[in-house]
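Same chain, two partners: subunit A is paired with subunit B first, then with subunit C.
Now for the complex of A and B:
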């Protein structure tokens, strides 16, 4: 069963009562919320995600609700909590949805240390994965959104999850948060992309979430093998420039763009070294999405033909 | 009893039994595993559960997703151990030529001395006890070698330096690890005797002669001081501190003279009553082997039964984490009362009133340690 099988009434009832049990890639999340501001958006954007089976374990129990006490009457606020504890400052109630999306990422980034977590977008074609490790602001979400609406499958726009046992990438096809100008860029580039409402004046500016293509969500159990590292940079009016990169430089950039490279210590070193060794590494400067996509398609075809 | 009372009892029982008799782990249902992981994480004992699972050889009984959480905890702990060991190494480098005794405390001591509480334990900072007259030299040296004083407001700085038993933490500019320098184990202001001289006299050298750890009875008493005096109004008493006490007692139990010294030293410190409560709680929750005659002897200093029973009830409420979905008002109240009591032991009434009213005012103004979720770099954690 998927979230979309639940009518709005049943959906709201679960959120306000026992919690909505939903699966995002390898993680089972239970979300509780009595807030309309959350439920309305979630019902639309979470529709293709599977519900967690009856006796499966939940990894993270999260909740978004108005804070208790006097302050709730002063200003309408929403507080994100994990396991009943909320170390975070409250949000305005209108931003309940982005707060939950961000909060779940926080749970994963700070807790899933059984995996190596690279800070990277990951897409896949024919079982081979292309990784885009990058810092915020380099346009990896925009590029990733364009790719997954052009024949690539989304693994994740934020987390390169690597299973230490076999070095394979685990998909985590969550919503893709677009920021500011990139929202309009994607609306023009792929009008068919399903984009949720824009949230204005969040702490990261305007944010709107892209729902990944249904195929990516349905194939969330299919792992992929790392094949290419591409370090993207969007620069206004820049001509397309795709350059091979030395493996030693790529290694350093991957290792320094990880959530928990230090935590996994030797295992992380071994995994990154192995991934970089078996991948082709490039840097990419671009301003035009069509040109970038064509170059990446070409890259994937030529390496496959080798 | 209400249903939330039942849920809380179930959550507490799962955690305590997993530590006390890990064989029960073979019979847990998936929903019990889920709850155990949540409760253990809140009590910061997930690594301990992982260690119990492997020690009891019951790995196959753990559902894969619970095993992933245990694996994650194990990886974090291994990483923290590396950090702490390296930090001690750097500390010795920085303090080369400084002729002062250095006594490792708490987690750092358990790790470097290879004592049982080290197993599956999460490590935070390096805690070091040094003589008060050497404190200035050591602090200056560390600051000259890459550590810096953390920016805190003048009230807090004064709070540390004038009243407390340690100075504000020093943080390494590159590694970010913190060192807590103690010059005694109890706050200066405490009504308990806080003269540290006997601790230095009894301390025991490690394989590396530059480092020492407290003598066994002092180590247990310090673990108890930490349990009962370093409260937090939200967390109450830290169950993991009681696990340390349990492990140490079990380990030192057979050493000749250990129990006699423990009772005598507690008496010298004016700490006999907390020792009594601590031993009783360890015995009650973890079946720690405490000799009958030790408890019998301490009963002289224990309060009469009508006072003792509610106090022990309060201690249990403040110690046990409860069910994350069903917070109990009485547990919250117990945690707060225990916090106030800890401060009562830490400082005289007038100072206490001033200090707590300031804390309450800060809390009221909302200046609590709240992190802005969106501004937080996911990578920092």
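Now for the complex of A and C:
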């Protein structure tokens, strides 16, 4: 059963009552909220995600609700909480949805230490994964969104989750948050992409969430093997430049991009070394999505033919 | 250290260096040190100093000769500052120890 099987009434009832139990990749999450500002967007954008059966363990219990006290009425706000604790300052109520999305990412990044977590977008084709470790502003999400609407499967826009037991990547096909100009870029590039409402003046500027293609959500249990590391950088008016990168440099960039390299110590070292050793590594400067996608398609084809 | 003759100083591999995990790519060595849970990036000179000391203590001069030979350099060709910097860095990381001056060192190895 998926979220979309629930009518809006039942959906709201669960959110306001026992919580909506939904599965995002390897994580079971219970979301509670009495806020219409959250429920309306969530009902649309979470539609393809599976519901978690009643007896399954929940990894994170999160909630978005108005804080108690006068502020509840004077200036309506929304507080994100995990297990009853509020780690962040309140958001304006209009930003309740992006607050939950960021909050869930925060839960994963600060707690899922049974996995190595790279700050990276990951897409897959034929079982082989291409990773895009990057810093904010490097065009990772824009490129990732374009790829997953052009024949690649989304594993994650934000987390490269590596299972220590076998070094395989676990999918976490959550919504892709586009920021500022990227929203219009993707609307023009792939008009068929399902993009939620724009949230203005958030802490990260204007944000709108892309719902991944349904196929990516349905195949969230299919792991992938790391095959390419591409370090992207969007530069306005830049010609396409895809250059091989030394493995030692790639190692350092991957390790420094990990959320929990220090936490996992030797395990992280071994996993990153193994991934980099078995992958081809490149830097990519781009400004034109069509050019970038063509280059990455060619890269994946030529590597497979080797 | 008083009447300093750097080349007559001797070094030995520290215990922490016996359990390093090595990954070499081109001329760069990415090394994990379990005792400090740190990852280091070493150049060839630094890595070869560690390799030279794996068989036992050596005078700095002997170590340098081995490193130069491994790098294909003529004796004395390795830049002294680079070699001294690498020794100091390895000592700082606890991967090599400076031996007491009175300790006998067989530099004929």
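Brief remarks follow.
Heads up, the rule we're going with is that the second predicted complex is superposed on the first by the 306 of 306 C-alpha atoms of A that agree within 3 Å, B and C clash if a C-alpha of one lies under 4 Å from a C-alpha of the other, contacts with A are read in each partner's own complex, and residues count from 1 in each chain.
In this section, a contact is a pair of C-beta atoms (placed from the backbone, for glycine too) under 8 Å apart; a residue touches a chain by one contact, two chains touch by 3 or more.
Since the structure is predicted, the reported quantities are computational estimates derived from the model, not experimental observations.
When the shared chain is aligned, no partner comes close enough to touch A:189: not subunit B, not subunit C. Residue contacts after overlaying the shared chain place A:110 against subunit B, while subunit C stays out of touching range. In the superposed model, A:119 makes contact with subunit B only, not with subunit C. By the touch criterion defined above, A:248 lies against subunit C but remains apart from subunit B after alignment on the C-alpha atoms of chain A.
Which of subunit B and subunit C touches more residues of subunit A is settled by the count: it is B. Of the two partner chains, subunit C is the only one that A:273 touches; subunit B does not reach it.
With both structures placed on the common chain, the touch criterion links A:265 to subunit B and to subunit C. Applying the stated touch rule to the two superposed structures, the overlap between the subunit B and subunit C interfaces on subunit A comprises residues 262, 265. Across the interface of their complex, subunit B is touched by residues 28, 55-59, 61, 71, 80, 83-85, 87-89, 91, 99, 102-103, 105-106, 109-114, 119, 202-204, 258-259, 262-265, 267 of subunit A. In the complex of the two chains, the subunit A residues touching subunit C come out as 246-248, 251-252, 255, 262, 265-266, 269-270, 273, 277.
For subunit C in complex with subunit A, the touching residues are 21, 23, 25-26, 28, 30, 32, 34, 37, 39, 41.
For subunit B in complex with subunit A, the touching residues are 30-31, 33-34, 37-38, 41-42, 63, 65-66, 68-69, 71-73, 75-76, 78-79, 82, 324-325, 327, 366, 369-376, 378-379, 381.
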